[in-house]
Structure formats: structure tokens, C-alpha cells
Amino acid sequence: MATGLAPAARRVVIEPFVDPPEETLPGQATWYASTCRQCPAGCGIVVRTINGRAKKIEGNPLHPLNQGKLCARGQAGLQVLYNPDRLRNAVRQSGGRGSRKYEPLYWTEALDLLKEKVASLSHPGRLAFLGGLMPDHVYQLTDRLLAALGAAPAVIYDLHSTLEGRGPAQQLSQAFFGTGDLPVYDLAQSDAVFSFGANLFETWMSPVAQSVAFGSMRQGALSGRGFIVQFEPRLSATGASADEWVPVRPGAEGFVALAIGRIIVEERLGHVGSHRDHAVLYQNVDVGEMSAASEVPVDTLRRLAKAFADADRAMAIPGGYLAGQQNGFASMLAVQALNLVVAQIGRQGGVFLSTPAPTVALRNKPRVNPFSDVLNLINRMNAGEVDLLIIHGTNPVYELPAATGFAEAITRVPYVISFSPFVDETAVWADLILPDHTYLESWGYQVPSPGTDRPVISGQQPVVRPLYDTRSTAQVLIDLAARLGGSAAEAIPWAGEETYLQEMITGLYGSSLGAFDARTSAGFWTLWRQYGGWWSEKEIRREPEITDIVQKPLPMSAPQYFGDPEEYPFHLHLYSSIALTDGRGANQPWLQETPDPMTTVQWGMWVELNPQTAESLGVGDDDIVLVESPYSALEVSVVIYPGIRPDVVAIPIGQGHQDYGRFAQAVTGSNPLGLLAPVTDPDADSLAWGATRVRLLPTGRKKKLARLESLDGQGRESIG
Amino acid sequence: MDNTNTLIALFHESTDTAEAIDELHTLGIEDEKMVVITGVPYPKGALGRQLEWLTLPYIVLAGAVAGFLFGLFLAVITPHLYRLDIGGHPPVGFPPAAIIIFVFTMMATIVSTFLGVLWEMNFPRFGPAPYHRLVTAGHLAVLLEYPITLDSQVRQVLESHKAHHIGEPERMAL
Amino acid sequence: MSEASPNQPKHANHPDQMPEFEERLLLAERKDWEINEAVLQPMFKTGRGFWILVAILGAIVLWGLYAWGYLIYWGMGTSGKNRPVYWALFITTFVFWVGISHAGTMISAVLRLLKADWRRPITRGAEAMTAFALLMAGLYPLIHLGRVWKFYWMIPYPNNRFMWPNFQSPLMWDLVAIFTYLIGSSLYLYLALIPDMAMARDYTDGWRFKLYRVLALGWRGTEAEWHKLHRALGIFSVAIIPIFLSVHSIVSWDFAVTVQPRWHSTIFAPYFVIGAVYSGLSALASILIIVRRSMRLQEFLRSEHFDSLGKLVLVAGMAWVYFWFAGFIVEWYGNEPIVRELIHEEVSGRLAPFFYLQMSANVIPIILLVFKRIRTTPVLLLGTTLLVNVGMFTERALIVIGSLQRNDLPFNWGSYRPTWVEISIVAMTFAGFALLYTLFSRIIPFVPVWEIKEGRLRYTLRRIGRLLVPTAAEME
Amino acid sequence: MAKDANQSVEGSIRWALVVDLDRCTGCQACVVACHAENNMQIVGEKEAAYGRWTHWIIIHRYWEGEYPNVKARFMPVMCQQCTEAPCEPVCPVFATYHNEEGLNAQIYNRCIGTRFCGNACPYKVRVYNWFRPEFPEPLAEQLNPDVSIRTRGIIEKCTFCIQRIRRTEIDARAEGRSPADGEIQPACVQTCPTSALLFGDLNDPDSRVSQLAHSHRSFRLLPELGTDPGVIYLKGGEVNV
């Protein structure tokens, strides 16, 4: 492998080094470029390795998406690689499922077992593949294999993309721009951003890219200082960075957007010539009603509408929290429509579309399935229609609301195979675990979605030799195909993962756009690995065309919540922790010890209450309360949180692991998803994870949270 | 010293002792030839003898100077031997230096006083020396050395002042 | 008070009947050898009670040593400290012990210079207290180190690291000052001890004889020896006073030189010194009362001594209040936000209980000590002086721990809970002090015999009207 | 006398860090980057709850106002690298001192753990190793060989990633030049997604850092103490003029 960047130190330390990994000079740092897999954003990274060991992950300065920057999770990637709780070889659960007793297997045995299980299926339909947002090439191989076997395509579900509303966002693009590619919001050049529940700088979509853009939007040279208004029931870290926070009733964000649009159109605000063709959108919107429903005063709406319309490059962003409501899709439409009203679609500082991969071969990406597909799968499992369940890159037992009954369903499946490198809550129910490499040991590529201002493909390569006797899932699938022979072998003719990738990637060779060019396709392959991917050297933005959806009035649907308001007075507002995201980070001590930006709590989980709410309940900081929903209940310590609506209580997602390693299990608490009702947004067919109501009961007990801040200090900057 | 004789005599009471000493003086026995041993410190001249001159103060002074110089070395010289800058302070600041110098001066003063006084009394001295246990019981002992020729007068003088236990001093290991 | 001096009841009934008479002519009717006996006898009597006491104290000390080992092995984390309370119980107790150590020199040196005659019987007890309290105090700079096995890096000597310690650090001043004071006070104690060692030598045999013989260094009591001893003691009493003043000033500067709110104060040095004297004198009074009882020394340690001691404590107490107030009013009036916060914490916040304990335990004794009855009744005096030391300990805790919990950035505030390790180690030093003192009292004549005898020389009776009045001769 | 054998740069450099509070989103990337670069120990929930975490950089979060008009602000606080550092003179063994480049250096193997500097520091950015650090296998593989691991009983703090400064200086010297402005990047600066952190030489009038230091938004933490910090904050909510 060629080194990505210049070696860091010129001094060579002489030390005994018996069996040096290839291409390492003892004591000398070597940098390898690859792609971060801590979340689906696909940021480029460079990894500093010394003596064949990865030592530090940094952003790839050449990569157009994250431009050398990286988030907390990306920095912590080393602890996925070096996690003490990793599986070190293929294992079979000797004591039966859930016994947590494992016996190691040779890979040949394991593969034979796998092949035999697949081959012995009475009907290919009885095979189910449940996946997360896996690297593109793994998905393609899976796809080819399943197709060849005549089995149903993989069902893609993972909590992170659910929380960021990826599915609904794709359908929104579909409805609005007639394509499934996600929109790219040009934050950097916008000067007025209305973010409706989009936690731009935490976990939503491509947080690093958005943060980089935010930096230049705030203090960038060209544009003046742009401002952000955040509409959400709970002040998120993004809201804290915004200039104004508008606490909206959960699910009423759409109403605010409608009201703002209506005001702009009817009062002819802003500099966009005529609003006549938008009038139809808002013809049956009544600002008063909207204000009442969203509990945002009319004059606030009017002020914001004016600010939005008067801005040169205003932009509204429909975020992930909207998708968590049963009227989520309607709300997102309403928000997206605002960009139309200020004519910011396809304009600088407005909305663009992700550019797809230049070659068709690269375009087949995993896409989040409608939630009904997941429920379907669960029903089939319950009905005993699934004989073999294969799981990759997702942890449904943890990531699905307990109410969906996945945990019971999986016990009804005769044989379960997991590719997880860790024994997580789902892998515990697998008979056979074929641990995948961690991403720092793996090959791969990924077309970031959402993308950026140009075509990008992030390349992934091993930066260290695999630590243990694990095997990349792509390779396993290729081996499986070979073992199965027949149509499968024809569908997947490649000898190995690397050759497959090389074939896919060198398809780009000779493209005129590329930031680098090589004489031979082999040279291209080398440069690809040195750069850590391929991208156009100059900006190519993709302007969307708007569909005819904008010819009819925008849908208006009132939010519905599960749970009787009398019995369950509070809205449960789950949010993904900035460090642990959907719980994947929970096994990394660095991320566990990272303080939550808003509450400064390390480790631990908590529930956030508005001061008056806490007062009415007679609880204070660190008091344990019982949070009870119609489905289940959990005990958790209280954080008094000034930035949340009195009728909303918020719990971060990510803790409450039963398995998944010592660091994840070190934190007491139970998975907040257990509280959720399995309700969905019918329009987007996605899980409405924000629509459950709860009640709180003080327990009289206390548990001190590991706060960074002193409670005595009362969050003051100084005692002036 | 065959022509001299040493005697120890114990007295109950200081006045007698003083008078006896005076008369012994008149017999021509100098102060140096007499040693008075008491269990109580009698004030200067109470027993009619002048006191010798002490070098102790000079020893102490010397010690103090030495201490001062050592303190000076530590506080002023050592910072320059391995120069490390600290928080905007000069390598040598007056107040800290003053403290260090002062303390070491005092330490040396104390120690030299102690050693000095031991030296003057040439202590420790455990060898056998003329002494009588009754001293600590409140008696005053007079140890004197005189020519044998005066023997009778001396004894007579002592007895006349109610001296008892007159005789060869027993040299006991102290 | 049956075991109090036989004269007690008498002047309780009719105080105007020549009370001075018997008291001043201390043991007039006694022979020297009787005094010797009276002092030596209690030393030889070590009853069961004594050994039980030694056993208990020894046990506590051993437990404390285990705790210390535990602390060293597992790390400072086993103590209750945290950020920002980096100093806590250890430093508090350190300051407390240094304070206790001050009365000893105060009594013997200052009073010796002033020729205050009533000091004579109590000087040795006082000096011993100084030495032992300092030994205990000296442990803490070691105990509180994170890497105690590297403590010698603070010692100035030419070494392979080419490093000299930083003499600008108050901790270095501490180190040398306390070392000096320890040397000074122990030599001072020993020097005045030599004649009594000789006396004890003449009265004992066996191991005691061997011991005393060595310690007496061959003292005979010739005029020359007495003369030199007097000179040496004279020099000592002058030299030791500035040292004892400097030591506690330096301890106070450990705190005052930082920018930590409420530590950063110019009045700290005198405030600490006077506080030290206050607590030290009280401790001395308590100890004397206990020893007097346990060793039957009523004849030597008489109510007149406690009376004068009480008066000294009273004065020191008032001075302490004055300095406390002088500091407090400025802080209160300046009304600097963080200082205001800290004062609020003390007066009506979480620290209030400690604050009021401190104030009452330090002020009530002053009122009590106004009454001669209290000063001269051992049990009452004992209670009062113990109360003072409770107050002074609390005061130190408030200064060290209380202040550190707050600083200029509210985000960084903190709190502190002591652990069993810290408490055991603190207990160890208290037990250790008591143990050393107990053993000391059985080996060394607790009353300086020769000084008492010397004192007797100075008095004659003189008839004034119908009153026999003792008159002291002015002599040295 | 091996005086400053490690000192590679002569002349008057003063390293400084600019923290633009208008850009900071409190995302904690700098915190983890710092952990990854500097081998701090992980203390676990119980110890962290008792104020014994070892972060070299912590992001203060301040609340302002009452619901619904409530605002939260972030302020990253790391060692301020004061010129008039209160922590330096109080150390009895010179474990912390001031180096030629204006850094407040902490010499771990010289520290004996009096914690005096921790008390003297008004910003309370000095953290203590209360227990032995533990890295369950194979987590120890992550350790950065350029940074020593601190044992129990000693104080540690932000060093401005002095090892990275040195590395860049050595490289630059090998190429016969001095490091360019912005070439040296402490781990936090390198990773900060919004570029809220900026590192450079305050004594070089052309460096971005010293220009921003003169911006009307710039202020120092606790200026009244006269510690003259090397960390310059830029007030949020305004544009540069």
C-alpha cells in the first residue's frame, strides 16, 4: 500500500522489530487514507499508524465532504478497532441462543455451516436478510446474492437513519424533486437558516460537513454573519448554537412553516417578485389556527416570516425530529415548501441535490426500507415463515421499539446468523456469529448521501492488518457464492473483495472530472487509495427540478400522540446522543466519558425536565423518576433543563445496553426505546418515534449523575 | 602531683560554703584549684567566685554567618545553576530569598548554640570524674586541690563550716 | 476537685486569707531530695491503666499506618479529594498541629525572657508538646504527596538531575521552616533537660540509669556548667521566638500566595500565628490538667499556674477574634462577588454549621475564661480549652476545604467528602501524639526539677503589717 | 547542564490559541481528539461523578434567561498557558515552568503530586491522576507513542500538543525553514469541525492568531487576575469588523 500523506517525523527510532507489518519503518508514522464508518455520512479520514498500529484518526484534508475535520465519534474510531470486547474469531453459541457461551470455529467450518444453512432452505423465500446502512459494495454483493438465490431483497433498518429521518427525507425528495437522492442544503452561503428540528451539528445526515459550512456561514470571509432559527420542542446543542430558539409543540413544526409561508405570500414579503403561483399552496392555511396549534405567538411568526423573506439567501431545513411524528411527512413538505416561496431551490445558499455516482455500477446503494417492511418481516418471523435470518450492521433487538416484538420474533426463527464484530443484543440471539472486520481493517467505498457540492466517492482501505481472525462480510458472501455454485457463483464471479472493488472503482478511470488522473488503471487504483476516494476537482452542483406537487395546497394534518393526555401528560422526546448516536458508540470508553454538550453528563443516562415541570413533580436534579408509557417504564435520574417545553420530557438514546461489551454495560439504565409505541407516519411509512406520551412518578431515590458542571454553579458564567 | 592533695567536702547550705571558700582563698588556694558542684544553679558570685569568660557567643555568631551564607547560596545561586523560568517571577525574588536566608540563619544559630555549649563543657564526657551523689539531693560539694602542707588548715576550715563527707573524692563513671 | 491542690477549697471559701503565701513558697518545707522523689516516683509507677492506654493508642497508630500504606499503594484517589478540592483534611490537620506546636516555645522562651516565675513547673510539658506536635505536623507534607516515594526531590542537595528545588515555592519554605523549628525546639527541650537527667541518673539503676547516664552527657553541676547552660538557654530563648513566628506565617502563606478567593489575604500571617498561639495554649492547658491528674503532680502544677495560663489563653482568644474580625470586615465590605459568595456559604449556606461551630467554640471560651473560678477549676478549664481546639480545627477546615470548593468560575465549583483513609490517618496523628507524650511522661521528669529548685532560691518572706508576703530577689 | 536540549526554537515565539465562541457548537470533537492524542486515562462513571475525570479541555455550558427566552452558550476551557502563570512559582520541584515558546510546561516525571498548582490555578484546568491508569487489552494499542502515560499521583494538563509542535518544527527545520502560520495544529484545532479553534504565534504580527487577537471581539478569561493567558476568546453573536 502506498502511504497517504508524508510521514510525520523524520527521526527514525531504532528498536527491535522482529516481524514488521508490510511497509512500516520502525518508529516512523505512516498515514493511510480511508473512510469513517462511525455513522453513514462517509467522511474521509487519514489514520496515523506506527509500527503497524493505528494511533490517531484525523479528517482527510483533501476530502470535499469534511475537509480535514472530524467529529467526536470519528475521533473515537480507534476504540472500535482496539475494543477489548471484540469477537476474535467466528463462533457458534454452544449453549444455545442467549446462553452467551461461545465455541470458536475455523472459518472453513463456519463457511460450510453457512453454506449448508443456505442450501438446505426449503424455499429461498424463507431466507431473510436484515441489514443496516452497510458499505455500498457489501450491499451490492448482498443484493446480487439474494437475487441469485431468488430470496427477498435485504430489509434495511437501523435506528440512526430512523432518528435522522432518512427514509422520509428520501420520499420528500421523491415527492418534491422526483428523485430519491437526498437534498444538500447549502449552509455555508445561506444567511438565514430556519432549521425545523434538524440537529445540524450533532448527528443529522452529515454533521461534520454541516459544521464546516456553519463555520464559514458564521465568520466566513465572503458572506456576512448568517443567523439560524431553530424550531424544536427541546433546545438541542444545535439550538444552542442557533441565534433563536422557538419552542414548538411537538408535531406542530409543519404548522409554523405553513403559517410563515402564508404570511409571506399574503403580505408579499421579501424580494421575490410575485407570490401568485405559491398562493395555492397556502390557500386553506389560517395563521391564527396555526399559531394556536403550534403555541407560537402570531407576532413571532410574523417577525420570523419577515426575517426569512427579507434575507438574501434564506433556507428552511426539514429535520429528523419532524419525521418522528405521525404527521411527519406533511410537516416536512410544509418546511420544504418555504424554500420554494423564497425561491431558494437550486440557488446559492439554498437547496441542491446530492450528485449520484458517475458510473451506474456505483449507484446501487442501500436505502432505508419503509417501516412496514420491518413490521412485515417481524410478522413473517412470528408466523414461522423465516427459517434463516442473516443480520448485518444493525442491532434490531436494541434499535427497534420493544413493542414491535422483534425480541420474541427472533426466538421463532430456527437459525440466526450475525455478522456483528461485537456481541450485541441481537448477536446474543444468533446461533452463528461471523464477525466482520472493523472499518479500519476493511475495504470498501461509499457514495456519501447526502453528498456535497460535487460528485464524491469515499474510499475505504485497511489501515492495519486485521487484529484478529475476523473476516470481511463481503469476502464471506463471495466465498459463500463460490461454495453454493450455480446461479449464485455466476452472480458473484469475483475471486475476492479487493478484485471486486478494483473493478468497480477503475470504472471511474479516465473520467474527466477527477481531482487526480493516472496513466494506467492500476495507477488510478493506487491514487484512489492515496487520496482516500475519488471526487471532482471543481464544484458541480446539481439543481433539482420541482415536481407538480407544488400545484396543490399543502397537506395539513394534526399531530396525533399515543397515550391518553390525562393519564400520560408529557410528550416523550427521544434524541440521539451526540457521542453515542443510536447506541453504537456506547462500547467506546472515550465516547462514554465525553460529556453531553448540554447537560455535561458523562456516562449515565437521564431525563430532562423543564424547571416548572420538575417543581410541579417535586423533584430536583439527580432524583430518580419512573418514566412510564403505555408500553413500559424505566427509572432514570432527572436533569433540570431550562431549554425544554414544560409539557415535554427528553431522554437521550444510546445507553441502556444489556450486552455490547463492558463499557456499554457499565452504565445502569434501560433502553428508552422500550417506552415507544410502534406507531408510524402513514404518509412516509416510517416509525413515529416522537409520538408517545408518558407520565413521571418520583421514586424518592437519588443517583448522582457524572456531571462536568457544578450544580451549585447554577450554569452561570460568572458570579457577577 | 605527689605534693598536692585533693579533697571533696559537702555542705548543707550555701552561706557556709561561701564562707569556707573565702577562708580557703585566704589560705592561698586559687579559684582554679576549687570546683563547686551544686544541684541548683546558684546566682553569679553567690559563692564568692568570679566567672570565666565564654567563647559561646562567638561560636553562635560564626554559626549564624555560616547559615546566612548557606541560605544565600540556596536562594540566590542555585536558581542560576539550572535556570527555569516561572510565571513571570524573576529567577531570584527578594521575598522568597529573604525567607530562605532568614530560616537557614536561624537554623544555624540554634544548632551552633547547642554544639557550642556542648563543646565548651566538653560534653559528652562519660569518663570517671570526682562527684558525689548527694549533690542532687541538695548538698553543695566543694572539690579542691591544695599542697599537702596545707592539709590540716584546710580540713579545719572545712569542719568549722559544718562540712561533712570530707575526704578523697570518689571518681565515679558518669 | 478532691485531687486538685490541697489549697483549692481553702481560698474557695475565704479567698483573702494570704493565698499567695503557701503558693509562692513552692514546697518551702520540702528538702531537695524530697522534690526529686516526688517528681521521679510517678514516672516509675506504670499501672495497668497506663499499659491499656498505650495499647489502645498503639492500635490506633498501627491502623493509621495501614491506612497510609493503603493510600500510597492505591493512590490519592482513596482519599476524598477531587477537583477543585485538591487539599483537604490532611492539610487542615497539618495546619492544626503546627498551631498546637506554638504554645510550647511561647511559654518557655517568652516567659523565660520575661522572667515570669510561674512558668517553671510547666515549661518542660510545653516544650515536649511543641516537639511532638511538630513531629505529627511534619508527617502531613509527606502523606499528602501523590508520589511520596519521590519526596526527597524537595531536599536541596547536588544530584544527578542537576536540579535544585524551587525556593520560590511556599512548600519549600514550609519544609525548611518546620525542620528548623523541630530541631530548635527539640534541642531546646533537651538542653534544659540535662541537669535533670543527671539528677535522675543519681536516683536510678538498671536500664533507666544507662539511659539517663547517656542523656546526662556526664553532667556534674559545676558552676561553670551551670553558667554555660544559662547562657545557652538565654540565646535559645531569643533565637527560637522569631522562628516560631516565621513558621506559622509561612504556613499561612501556603494559602495566601495563591489567587484563590479568601486565601489571597495579607492578614493571614498574623491571623494564623495568633490562632496558633490560641489553640496551642489551650492544648497545653488541657494536657497539663490531664497529666497532673494521671501523675499526681498537684503539688507542682497548681491552680495558680492554670490561672495564669487561663489568662494567657483569654488574651490570645481576644486577639484571635480581633484578627478574624479585621480580615472579615474587609472581605465583607469589599463585597467582591466570589468572596460574597463564600461568605454567604459560610454564614447561611452549606458551611453554616461549621462556621457557627467555629465561632461559638472560639468565642464562648473567652467569656468563660473571664471567671477565675473557671480558670482555677481543672475540669472546667479542661472543657473550655478542649472547646477552643474544636473551634480552631473547624476554623482551619473552613479555610482550607471551605474556600477551595468555590472559585471564580462557578462551572468549576465542587464539594468534598472525607474517606475512611483520611480519617484513620488523622486519628493516627492524634493517637501518635498522645502515645509519644504518655511514654515521654514516664521516661523524662515531667517537671523541670532544677528550675523549681532555682525558683525557690529567689523567695524570702517579708512581714507587711499582719501579712507575710513573699518577695522575689531580682537575680539571674 | 542539559538545559533545554529539547528546545528547538530560539527567538521569541509565543504560541497562542484563539477560540471563536461564535463558531463553537459544543460538539466535543476537540475533547475526544485530545483524549486520542494525549493518552489520558478513562476514569469511569463513579470517579467522573466525583470530579475526577481527566479532560484537558472541557466545554463550559452557560444558561441565560428563563424559558421560553432561554439561551445556552458554550465555552471551551483548556489550560490558558498564562504568561504570569499562578501555578508555576508554587511548585516546589519545578515540575511546571515556563518555556521559551511561552508554554506553561508540565514535566510529568518531575511532579511529586503536591497539587499546589491545582489550587493556584484560577481556571482549574489542571487535572490529577487519582489512580493508576488502566487500558484493558488491546486498548493500550491506541496509545500515542509521542506522549508519555501519566502514573497515579501526578498533575497533568493541556500542553498545546507540544509533541505536535515539536514534530512540525523538526520537519520544518529539516527543510531549512520555520513552521508556516497554521502549519502547527494541536489535535483539537485539527479536528474542530467549525474551525472555532485556531493556533499560531502571537508574537508574529502577520499570523491569523495575532490578527484575531486584536479583533474587537477578543477577550481573555478572568482578565482581572492579570495572568495574561495565551488563550484568546472571540465573543459570539457578532461579525468581525
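Labels for the chains are A, B, C and D, by order of writing; each one numbers its residues from 1.
Heads up, the rule we're going with is that a residue touches a chain if its C-beta (ideal position, glycine included) is under 8 Å from a C-beta of that chain, and two chains touch if they have at least 3 such contacts.
Treat the numbers as computed from the prediction; the structure is a model and nothing was measured.
**Student:** Find the geometric centre of each of subunit A and subunit C from their Cα atoms only, then give the gap between the two centres in Å, rounded to an integer.
**Tutor:** 68
**Student:** Using mean C-alpha positions as chain centres, tell me how far subunit A is from subunit B in Å, no decimals.
**Tutor:** Using C-alpha averages as centres, the distance is 91 Å.
**Student:** Indicate the whole-number Å distance between the mean C-alpha point of subunit B and the mean C-alpha point of subunit D.
**Tutor:** Chain centres of subunit B and subunit D, defined by C-alpha means, are spaced 64 Å apart.
**Student:** Go ahead and note the Å separation of the Cα centroids belonging to subunit A and subunit D.
**Tutor:** Comparing mean C-alpha positions, subunit D is 31 Å from subunit A.
**Student:** Any chance you could list the residues of subunit A touching two or more other chains?
**Tutor:** 708-709, 714-717
**Student:** Hey, what residues on subunit B touch two or more of the other chains?
**Tutor:** 81-82, 84, 86, 89
**Student:** Of all residues in subunit C, which are in touch with two or more distinct other chains?
**Tutor:** 162-163, 166, 168, 172, 408-409, 411-412, 414 - these are the residues of subunit C that touch more than one other chain.
**Student:** Examine which chains touch each other and state the graph shape they make (line, ring, star, complete, other).
**Tutor:** Chain contacts: none of line, ring, star or complete; other.
**Student:** Please give all chain pairs that are in touch with each other.
**Tutor:** Every pair of chains meeting the touch criterion: A-C, A-D, B-C, B-D, C-D.
**Student:** Considering only the defined contacts, which subunit B positions touch subunit D in the complex?
**Tutor:** Those residues of subunit B that touch subunit D are 81-89.
**Student:** What part of subunit C is in contact with subunit D in the complex they form?
**Tutor:** So the residues of subunit C in touch with subunit D come to 74-77, 81-84, 86-87, 144-148, 150-151, 153-154, 162-163, 165-166, 168-172, 175, 254, 257-260, 404, 407-409, 411-412, 414.
**Student:** Any idea which subunit B residues touch subunit C in the complex?
**Tutor:** 35-44, 47, 49, 51-52, 54, 56-57, 60, 74-75, 78-79, 81-82, 84, 86, 89, 93, 96-97, 99-100, 102-104, 106-107, 109-111, 113-114, 116-118, 120-121, 123-127, 129, 131, 133, 135-138, 174
**Student:** Report the residues of subunit C in contact with subunit A in the complex, numbered from low to high.
**Tutor:** 337-338, 340-341, 408-415
**Student:** Can you list the subunit C residues touching subunit B in their complex?
**Tutor:** Touching subunit B from subunit C are residues 31-33, 36, 156, 162-164, 166-168, 172-173, 176-177, 179-180, 183-184, 187-188, 190-191, 195, 198-199, 201-203, 213-214, 216-232, 235-236, 239-240, 242-243, 246, 250, 450, 453-454, 457, 475-476.
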